[in-house]
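Each remark here refers to the structure printed beneath this line.
Labels for the chains are A, B, C and D, by order of writing; each one numbers its residues from 1.
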Amino acid sequence: MGKVYQDAASALDGILFDGMSIAAGGFGLCGIPENLIQAIKDAGTKRLTVASNNAGVDDFGLGLLLQDKQVKKMISSYVGENDLFMQQYLAGQLEIEFNPQGTLAERLRAGGAGIPGFYTATGVGTEIAEGKELKEFDGKTYVLERGLKMDLAIIKAWKGDAQGNLTYRRTAMNFNPECATAGKVTIAEVEEIVPVGSLDKMAIHTPGVYVQRIFQGAHEKRIEQRTTRAA
Amino acid sequence: MPWDRSKMAARAALELEDGFYVNLGIGIPTLVSNYVPADYDITLQSENGMLGMGPFPTEDEIDPDLINAGKQTVTELDRTSYFSSSQSFAMVRGGHINLSILGAMEVSETGDLANWMIPGRLVKGMGGAMDLVAGVQRIVVLMDHANKAGESKLLKKCTLPLTGQAVVDRIITNLGVFDVVEGGIKVVELAPEVAMDEVRQKTEATLVG
Amino acid sequence: MPWDRSKMAARAALELEDGFYVNLGIGIPTLVSNYVPADYDITLQSENGMLGMGPFPTEDEIDPDLINAGKQTVTELDRTSYFSSSQSFAMVRGGHINLSILGAMEVSETGDLANWMIPGRLVKGMGGAMDLVAGVQRIVVLMDHANKAGESKLLKKCTLPLTGQAVVDRIITNLGVFDVVEGGIKVVELAPEVAMDEVRQKTEATLVG
Amino acid sequence: MGKVYQDAASALDGILFDGMSIAAGGFGLCGIPENLIQAIKDAGTKRLTVASNNAGVDDFGLGLLLQDKQVKKMISSYVGENDLFMQQYLAGQLEIEFNPQGTLAERLRAGGAGIPGFYTATGVGTEIAEGKELKEFDGKTYVLERGLKMDLAIIKAWKGDAQGNLTYRRTAMNFNPECATAGKVTIAEVEEIVPVGSLDKMAIHTPGVYVQRIFQGAHEKRIEQRTTRAA
């Protein structure tokens, strides 16, 4: 019954299949499951539907899965950093479903929380609401958005334990807790596996119930926009 | 003389009130943080999961786990808290952020905002902009009065796909400050030596009051 | 000989599988935790905001900030995590808890459950029971086969207001183990020396297979 | 602009009015805003609608507000510990709207998150769903529940700072974070006000944006069911 695996490849064993849906944590290149993405690239799984706020850059993050055209469809809020994405999109090789960032986060949370639909004012009167049900509450119009449940969630945390309890660091948290709840199976890669009982029990952002497999990986943690001030 | 980018940002900073929680968009709005009055207690929200965003880091302080919504490296402050994306947008959508200052391609006289896509060009996505305009208490747009072709960006009706409908409260351009009111756009303030005639000429939207 | 309460709890403990996350209701279900096999890794959820509930505290360990859903003082374990109520029920509603073992007033042959109110009597409320039966992967009811008046609690149709509709998977009573299947209730197992005739006589629900 | 107040009475100054709605944190007597409840009793505010999982006991917690019949309506999931409640309810002096516990928690979260309605399977086929809109998603029926926004939220945390950042302790967290988001005004009482910057930034359960006023109070922390094992 152990949740701890040796590496990304062994953690993914028996999980991947062509045409599956995957939720991937991270914002830009911050807090992304680097090792799992590489292992899915190595596995060559095809026709993926990937829900992730961004699509990485050409040679890092989810961009790696575009190189071999493994992705059929992205559900994202912003994909501006990726030329390969644009080429494949314009060539009709890649679908994109844009979701407002907050709607995407809430859809993943809702999917994980057993909520099949919720109403939001976000996107009302825009093309995002086209074809979706509208409803008035107290005189204001809202659009119905659906919960998202994915075959697999791949997430990255700072520290984790053998029970699957996870804690994140700074803004590397971002979409990872939501993705963790939205996966039928959730695999977490962490910078360090620590003994059960050593995490602060009030700062376990993802309780172990959401995590089926966990492993310790090495992380490059590439920076997208290195912006500094004078010392 | 119309305002330059710095003066536009400085004028936008006058929209802040002591104690405000504020979300600043990418581009000129980011500059607003340089003009926060020293005695004001202002907290910046970064929608990727941070309340209390600090300045850019020194070379030594750079942390790949600490970025803002524009993916730039930033720093934390004493007051900082971190949270997940759904919590971040619960704050935004739930109306807990007092003010957002955003850039725009077009604004209509009914407060419609277009700032996320140009059909036929490459589409990058709306990020958090649709959530911000739908949820934040007050939306101020900071943009040039005209586009590069010299055409008014303050329109009777937006021509581009909308980010939000009837969401803009105030527009600050290089020419002045404008409010969205019943019937059209009201001139609140003009940049120094900018004449009403110039504004009339450069504005397609209905000017009232 | 029908099972007594301890034997019922011990039988219910056989429903556990290694690695399960489990929510135990108030009353007899609480006793199930005494019969968890030593080599099983079982995590108890307490819906007031705790995963990894430990045993009752010693007198020295009592902490008013640490209680279970029955408002009893409990302890934490190495694995314990704490979270808010909406997070707790996200876990429950989202189907992340493997098993809930609950008490009941009535169960119908279609798996309807009534365990929260008796019209005309004082109404205390459903607490988290409706969420549990709607969200947890598998619902096992642990109850006496008959009520104090000797009437079957396994009915064709519940007479009391429902906690959930078609939610019960298995019922463990003092007489045996019963599954809700197509067409009615299937006898899975009988307590020692309990005859099918006795079960038939004491069960109003349709018995099949 | 300071958020810090001297005590419960000063923190409530100018906030209370007859007929108002209040969300109150706590589960049973655990993590309840003891000082604020007492101050509202002292203020004598009437015809309150109170959303709280429980109604306290006769002489502690929200039960105190029942003694002088200050409460018109409770929105709760379980009120079994309170005889006074039952008397007033049976005498028609008190309304009760029962919400399943998870539905109440989610309604408060939704209200705070700008979500006017969401769908849940909880309560479908029971009297809880009567008169509410039902909708099918993927062949299963769900009921529409509404977000709750209240005039005031009163909550209790362990430690807080002058920015209103809060951290809770163990199961005393319960409904407090949800109530904090659901109040048009939120007042927090804490066991200790600590310097800004001293809380663990990854364990601030309620960021300061949700808290308008804060004060340090004394807490009895009464135990409802003292249950022990042999040492």
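Convention: contacts are C-beta pairs under 8 Å (C-beta built on N, C-alpha and C of every residue); 3 or more make two chains touch, one makes a residue touch a chain.
This one's a predicted model, so the numbers in the text were calculated from it and none came from an experiment.
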Chain pair with the higher count of C-beta pairs in contact (A-C, A-B): A-B
Chain centre separation (chain A, chain B; CA means) in Å: 28
Centroid distance [mean C-alpha coordinates] between chain C and chain B, Å: 54
Length of the line joining the C-alpha centres of chain A and chain C, rounded to whole Å: 35
Gap in Å, rounded to a whole number, between the CA centres of chain D and chain A: 33
Shared interface positions of chain C, touching two or more other chains: 76, 82-83, 89-90, 92-93, 134-135
Sequence positions of chain A contacting 2 or more other chains: 106, 109, 113-115, 120-121, 168-170, 173, 201-202, 205
Chain contact topology (line, ring, star, complete or other): other
Chain pairs that touch, as defined at the top of this document: A-B, A-C, A-D, B-D, C-D
Residues of chain A defined as touching chain D within the complex: 106, 110, 113-121, 135, 137-138, 140, 142, 146, 167-170, 173, 200-203, 205
Of all residues in chain A, those that touch chain B in their complex: 27-31, 53, 76-81, 86, 90, 96, 98, 100-106, 108-109, 120-128, 158, 168-178, 205, 221-231
Residue ranges of chain D touching chain B (in the complex, touch as defined): 1, 109, 111-115, 161, 163, 165, 181, 196-197, 201-202, 204, 207-210
Chain D contact footprint on chain C (complex, rising order): 46-50, 55-60, 62-68, 70-74, 76, 82-86, 88-90, 92-93, 112, 122-131, 134-135, 161-166
Chain B residues touching chain D - in the complex, by the definition given at the top: 18-19, 21, 41, 43, 45, 51-52, 76-83, 89-97, 134-135
